[in-house]
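Both complexes below contain chain A, partnered by chain B and then by chain C.
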Partner chain A sequence: MKRALAWLLWLWMAAVIAGAFLYAPLAKGFIGQSSRILFFHVPMAWVSFVAFIAAGIWSARFLFLGRRPEHDRAAAAAVELGLLFGVLATVTGALWARVMWGAYWNWDPRQTSIVVALLFYGAYLALRSSLEDRDQRARLSAAYAVLGLAVAPFLFFVMPRIMFSLHPQSVINAQGKVEMESRMVQVLLAGSAGATALFFWIHNLQCRLTALSDRKSALEE
Partner chain B sequence: MWRDASTWAAEALAVFAKEWRCEFRTRYALNTLALFAFTTLVVVSVSLGPIGVSLSQGTAVLPVLLWVILLFSAAAGLPRAFVQEEETQTAIALRLAATPSALFCGKLLYCLTLTAALELLVTPVYLAMTNLNVKSPGLLVAVLAAGGYGLAAGSTLVAAIIAQARSKGTLFSVLAFPVLLPLILIAVELTRGAVAGDPGGVALPQLLLYDAVVTIAGLMLFPAVWNP
Partner chain C sequence: MDSAVSGGIGWVVAVNLIIWTGIFLYLLRLNGRIREMEKKS
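The block that comes next holds the complex of A and B.
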């Protein structure tokens, strides 16, 4: 059953990649083929956002709902994956910015907020690696993750007000209207759903792996 | 109810008084903060040259440098509040003696007074050295007060987290900066407004909201950070 699901995910992602190049049309007003990176960039940015929220929720559950080690492992795995997807989103975004805006980096609000998110992920992992005792590590890193979640809204709401953004509108813009060709929307949504499933699949594997290695080190002690 | 509140306040004040008594024995944090801030001030001022920068450039650049000086000075001095408890191994006694929330407030008050002292020292000298003319001083004072509070509150909680880890010094900057970055960005924006003489708009309420969020998060998270 699980193997079948993994194969289905593989087929799904393969179809998304094929759809991004063969099925979806090019967006108007974009240089060359550059709009196709959308189908990879947006799902990655979305997953790194989901990972951030998920890590915060798992950490809050660990702290306030009965200190269960599996919640700590889940939060740590989410941060590791969030960092990976965040870096991929940043790199794909910078490549696109080079084509469209003429520079890899210009501190657009979106670029600023993802860099702060990456800094936060990195700091979380640095904190974990500098704590040896398992309970202490779980407790302190969970507190830090919840603090990050509490402060994060300021980045998302304050940035766009202070700075002017060139970043294209989200799929659904301020008027609540979808301004994209329907085939593009289909591929984008399929890609985001696939990337989210991919995230939770790898996350599940990672949690099981760390649970085993935790058990191994507990047996050795 | 009232008696609980008054013993709680007494505890917080006792922690605050203890912090300053310990501080005056060594004057470590005060000396480090003052010297670090003054050194950075001199570096900035000398590098900008004898006549400083032009007016339009000054409005853009000088508020940033002011907050960078404040942020790094705070990072040099504030972690002491908890690191010193672990180093002298007094943390266990303190865990037995005080309720976590009162302890957090006492420490926060101590960090707040240190930050206020830092701002009182740095800001006038900075304005004088860089020939920066502030059009609305009232707004500047408000920003320094609200921004300083956020800086102290965020630093207090992060200091409590890193005090129990290895490599405390570098870890504080690494952990504190992503958390304090929104605060610094809003504060820089508002300081620019104060220099140019335009009112902050929604930025000041946003800064106060940040302060409130960090205080609440601190009060909620501190017991978990402090008690094993």
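The block that comes next holds the complex of A and C.
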């Protein structure tokens, strides 16, 4: 990423942080300041979803468009980052649940579905690390991640909506409407956009590092 | 918002900004180091 773009991202996220605490109002029906965690929790969950879908797309490109190792590396890096952001979303959600529901963990459909998603993609990494042959590892893990293109949307968007949940309504509710104070929506959208840009930056760094490491291993062999 | 709450929020904003700046500078430095390694290899 160009230096100027990186600094723009710093400024953007700094504005999101300031906006989350000083500009956005508190949500109605939430205890104390607990609704402010929303501005970090939702973008993290969103980025986790984006990362898993991106991993599926890169895997499909690997399988159907020429088996290029950079696509395999990109898919693996996306899953790693998706897991990281997914864990952060789970932790921030649990902190919020402690304030609002009195317990960190309640087996709410949303909590359960994100844990299942984390297990599903954790298994992807386990699969990768269990195979020594590079080509076989790339092919099998790509097929697994393509399967994730159906699993991730179901776990993130379908399952929490078809079961009774205490979780607050999504930004866009079941009727397709946004029922949130406009300043909250602005901060939330800005935070999600910034977090997505941050994901693609870290992903780029991770891919380049893996490429260097692969090149070094190839020279040593 | 009363002054005690707004003062507390001010600290939270400051801590968040420090953490974000730390992560950002780390990533910026990592970016530079990767670029150097790419030039060498």
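Throughout what follows, the second predicted complex is superposed on the first by the 206 of 221 C-alpha atoms of A that agree within 3 Å, B and C clash if a C-alpha of one lies under 4 Å from a C-alpha of the other, contacts with A are read in each partner's own complex, and residues count from 1 in each chain.
Throughout what follows, a contact is a pair of C-beta atoms (placed from the backbone, for glycine too) under 8 Å apart; a residue touches a chain by one contact, two chains touch by 3 or more.
This is a predicted model, so every value here is computed, not measured.
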Contacts of A:Leu131 with chain B and chain C, given as first, second, both or neither: first
Contacts of A:Ile202 with chain B and chain C, given as first, second, both or neither: second
First, second, both or neither for A:Pro43, with chain B first and chain C second: neither
First, second, both or neither for A:Gly191, with chain B first and chain C second: neither
Which of chain B and chain C A:Pro168 touches, first, second, both or neither: neither
Touched partner set for A:Gly56, first chain B, second chain C, both or neither: neither
Which partner reaches more residues of chain A (counting touched residues only), chain B or chain C: B
Which superposed partner A:Gly148 touches (first chain B, second chain C, both, neither): first
Partner chain in contact with A:Gly86 - chain B first, chain C second, else both or neither: neither
Contact residues common to both interfaces of chain A (with chain B and with chain C): none
Sites on chain A touched by chain C in the complex: 1, 3, 6, 9-10, 13-14, 17-18, 21-22, 33, 201-202, 205, 208-209, 212, 215-216
Footprint of chain A on chain B - complex, ascending: 157-158, 161-162, 164-167, 171, 174-175, 177-179, 181-183, 185-186, 189, 202-203, 206, 209-210, 213-214, 216-217, 220-221, 224-225, 228
Chain B partner contacts - residues on chain A that touch it in the complex: 63, 116, 119-120, 122-123, 126-127, 130-132, 135-136, 139-140, 142-144, 146-148, 150-151, 154-155, 157-159, 161-162
Residue numbers on chain C that touch chain A, as the complex places them: 5, 9, 12-13, 16-17, 20-21, 24, 27-28, 30-31, 34, 37-38, 41
